[in-house]
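Here's the structure, in structure tokens; my notes come after.
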Amino acid sequence: MRMEISALQLAALVNGKIEGDPNIKINTFSKIEEAKAGSLTFIANPKYAHYIHSTEASVVLVKSDFQTEGPVKPTLVKVDDPYTVLATLLNMVSAAKPKKSGVEKLAYVADGVNIPASTYVAGFAYISNGATIGENVQIFPHCFVGENVHIGNNVILHSGVKIYNDCVIGENCIIHSGAVIGSDGFGFAPHNGIYTKIAQIGNVVIEDNVEIGANTTIDRATMGSTFIRKGVKLDNLIQVAHNVEIGENTVMAAQVGVAGSTKIGKNNMIGGQVGFAGHIKIGDNNQIGAQSGIPNNVGDGNRLMGYPATDARDFARQTVYIKKLKSLFDDVNNLKK
Amino acid sequence: MRMEISALQLAALVNGKIEGDPNIKINTFSKIEEAKAGSLTFIANPKYAHYIHSTEASVVLVKSDFQTEGPVKPTLVKVDDPYTVLATLLNMVSAAKPKKSGVEKLAYVADGVNIPASTYVAGFAYISNGATIGENVQIFPHCFVGENVHIGNNVILHSGVKIYNDCVIGENCIIHSGAVIGSDGFGFAPHNGIYTKIAQIGNVVIEDNVEIGANTTIDRATMGSTFIRKGVKLDNLIQVAHNVEIGENTVMAAQVGVAGSTKIGKNNMIGGQVGFAGHIKIGDNNQIGAQSGIPNNVGDGNRLMGYPATDARDFARQTVYIKKLKSLFDDVNNLKK
Amino acid sequence: MRMEISALQLAALVNGKIEGDPNIKINTFSKIEEAKAGSLTFIANPKYAHYIHSTEASVVLVKSDFQTEGPVKPTLVKVDDPYTVLATLLNMVSAAKPKKSGVEKLAYVADGVNIPASTYVAGFAYISNGATIGENVQIFPHCFVGENVHIGNNVILHSGVKIYNDCVIGENCIIHSGAVIGSDGFGFAPHNGIYTKIAQIGNVVIEDNVEIGANTTIDRATMGSTFIRKGVKLDNLIQVAHNVEIGENTVMAAQVGVAGSTKIGKNNMIGGQVGFAGHIKIGDNNQIGAQSGIPNNVGDGNRLMGYPATDARDFARQTVYIKKLKSLFDDVNNLKK
């Protein structure tokens, strides 16, 4: 959307129904509360519906059944699912940016490593011996690709990603700046109070369609592999210890920590700053609230919260009870008299 | 203070009053409990006053009304505010270090980017197309400055800072090693258990006089900007999600996490490892204790603590009550009999 | 173990006693539950003993007194301490990998810095003026070694380690990718709501045999040094603030935060995501559970847990009492009637 388009053109593009001026032009996207003239915005959540009367946006994507009290200034474009339509438009704009290809002069690529013509290797990227790099890969400056690392097709490594030797990155993965893949697991043998390092000879395997946030760290396995399964999305500053497995389509918010050898199932939603103990098993389809501590195994389909975590409704009730403890102590003291 | 100065010269410099040997020399700074001969140290907090009898420091900055019981070995220099005087001296020493300028041979600067003569670009720094770089900027090795990034005057980017395209850094900012500015926000549209990426086409705007700690991550907005306002100080390993705003002169200790779209006001003091939920609003002048969890809106001028956070005094009381729960259960069991 | 060896050769190497086929070959290591034919695995914990009947491993290291019910498929090699033997074997394999030496063409080494012939400096590593680098050091791509930094013998700096000027790294240390050593402490003087930076002119001193995890940050002292004593092991994403001291052989799991000037003693075991307040003193031989918050001084030999932390058994009891609060409130209400 570097060029302007009209509400009419937009409606045609997204198969929407226009209410208002079809000729008004848009040239940017905005959140409804910040939108200026020339903006396209959207209302997906009814909580934001009232902004329709104050927004300066030129065009608003709304649901097919959206009703306003009285006339409104912006042009409405009615669609079944405004958020999905908006996301599609954002992705179209993003995809329209030209992609780089070729190896820049200041890059280092070890002898014998093949870089496909469709792939970009920026200056100051370092590709080690024995690495295999797919098609349409984007490797930004200061990335380190260790020996025998495999990078699948269409992967993006943003500036400063570090991948230790022997790790495997699937197709269509995006790894953000400063993420570290394959650092040594935290393994030491204590002997009379002194800790001796145990060599970590495994690797990390990241499957297809995974996104990994900035400065997140994923340790290699002691033996075998640390697994990040298909479709997993990890936010920034997350710690994944050695021999962990994170199941398909599980999403984790920032600063979560997963201790060694813990296995997490599929389609879990994990809030920020949650901590998982080591050597436990988490099932599928759980929702775990922010800052929770998970000391033990968890089954499927739970909503958990707390330190240590418990059922989220029980946690809410406990919080209320704790606030009333003063009156309870007073009551008991009165009863004792 | 690479050269020695005498207590007399120091007193003249800071407009202080000498008690003791005016000719004694100092050549370094130390904390009072660690100070050796040749050190300048200070006492600002009365808790440390007793060290005056044991310290080996040569000169001690003390308050104008500081009294000792009996004679002491070090020379005293009395000033109104020893801590501020010390900070000023530290800053003088630091400022005396020669600043580098010029573009080192192994740097990469895209064609058409102007580097002012006063600015330093180290080897292995990568400055992309369309970037604008101010005067007296220091860009250390392995920094990545993305396309169309603006860097204001007098900014310091320590080694390994990564700034994605289109972000804006104001004047006099200091960004420490490994900090990532402008990585993608954590935005995905779920569909039958699979998450599709929503392009993040906004940016990060950092205003003047901001300091950002090592390995801190600040995500770009989905649309619009993530804002770090004037004078904000962020410690290390902090996560700031997309579309967050952090208000003027708010300070955050290490490992804080702020979830998406949360707006934090001015002059707040946030302890380490605090977590803020997404889409909430925090007012001004709050003090939030370490490791607190903030699930909801907060007004102005509160002292909060806990998970979930509550008034800090209430939290302290609850902690006491929880410790007494055993006796309470016993009391109730006795009453029931 | 790139080459195959037989059970017989292994038993000779580790001084073990064979039960089963002595000619079976092994060529890799695995965890017992994941092992395939050709694998060597081990049983140290009786909880895993039952896998002896289902594993596909070719050889299993077990304790001298290990007994099976009925015949088993893998060959057993009996030793006194299977875990230590396995760790030794892993370390032998790891040590057999050829070590690099020499300065790669794309490295930058400042004039006058001596790189011993046994030391490796990779492309895109930046070694500043006045640095001193020991023998057998491995410096991977994108490391930054600041002015006057000292690196002891046998140190490994993985890709992207950043060490600010004047810091000291002892012998045999391993520092993982993205770790930042010597960034400025978080020191500001408030004045009418505005924070002025206090120059941080101290350094970080890391003693011998320390391992530091990926993306961990250790701030330099305001004056003097931040100390990481001999044998300390720090996991990933840990924050160590200015003027902290961490005592010998203390180990910390990921995402721990230690606030300024706190002194931690020897041989402590600290769980993940624990937070320490500033200006406190922790003794020796404590065990602190994950996510605990430590607001005050701690003596020696405690087991602590909670927020704020308390004795671990008390914390467990409190957790039970809190779960029963509903029935307690009900009881008291009944008693009041």
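To keep things simple, chains are lettered A, B and C as they appear, and every chain counts its residues starting from 1.
Convention: contacts are C-beta pairs under 8 Å (C-beta built on N, C-alpha and C of every residue); 3 or more make two chains touch, one makes a residue touch a chain.
For clarity, every value in this text was computed on a predicted model and none was experimentally measured.
Of all residue numbers used where chain B meets chain C, under half belong to both copies. The two sides are thus made of different residues.
Rotating chain A by 120 degrees superposes its CA atoms on those of chain B, with the angle stated to the nearest 5.
Measuring from the averaged C-alpha position of chain B to that of chain C gives a distance of 26 Å.
Residues of chain A found to touch two or more other chains are 106, 124, 142, 160, 178, 215, 237, 255, 273, 291, 307, 322, 328, 332, 335.
Taken together, the chain C residues at the contact with chain A in this complex read 29-31, 34, 83-84, 87, 90-91, 93-95, 106, 122-124, 140-142, 158-160, 174, 176-178, 211, 213-215, 231, 233, 235-237, 249, 251, 253-255, 266-267, 272-273, 290-291, 307, 319, 322-323, 325-326, 328-329, 332, 335-336. For chain A in complex with chain C, the touching residues are 106, 108, 124, 126, 142, 144, 146, 160, 162, 164, 178, 180, 183-184, 186, 188-189, 193-201, 215, 217, 219, 222-224, 237, 239, 241, 243, 255, 257, 259, 273, 275, 277, 291, 293, 295, 307-308, 310, 314, 317-318, 321-322, 324, 328, 331-332, 335.
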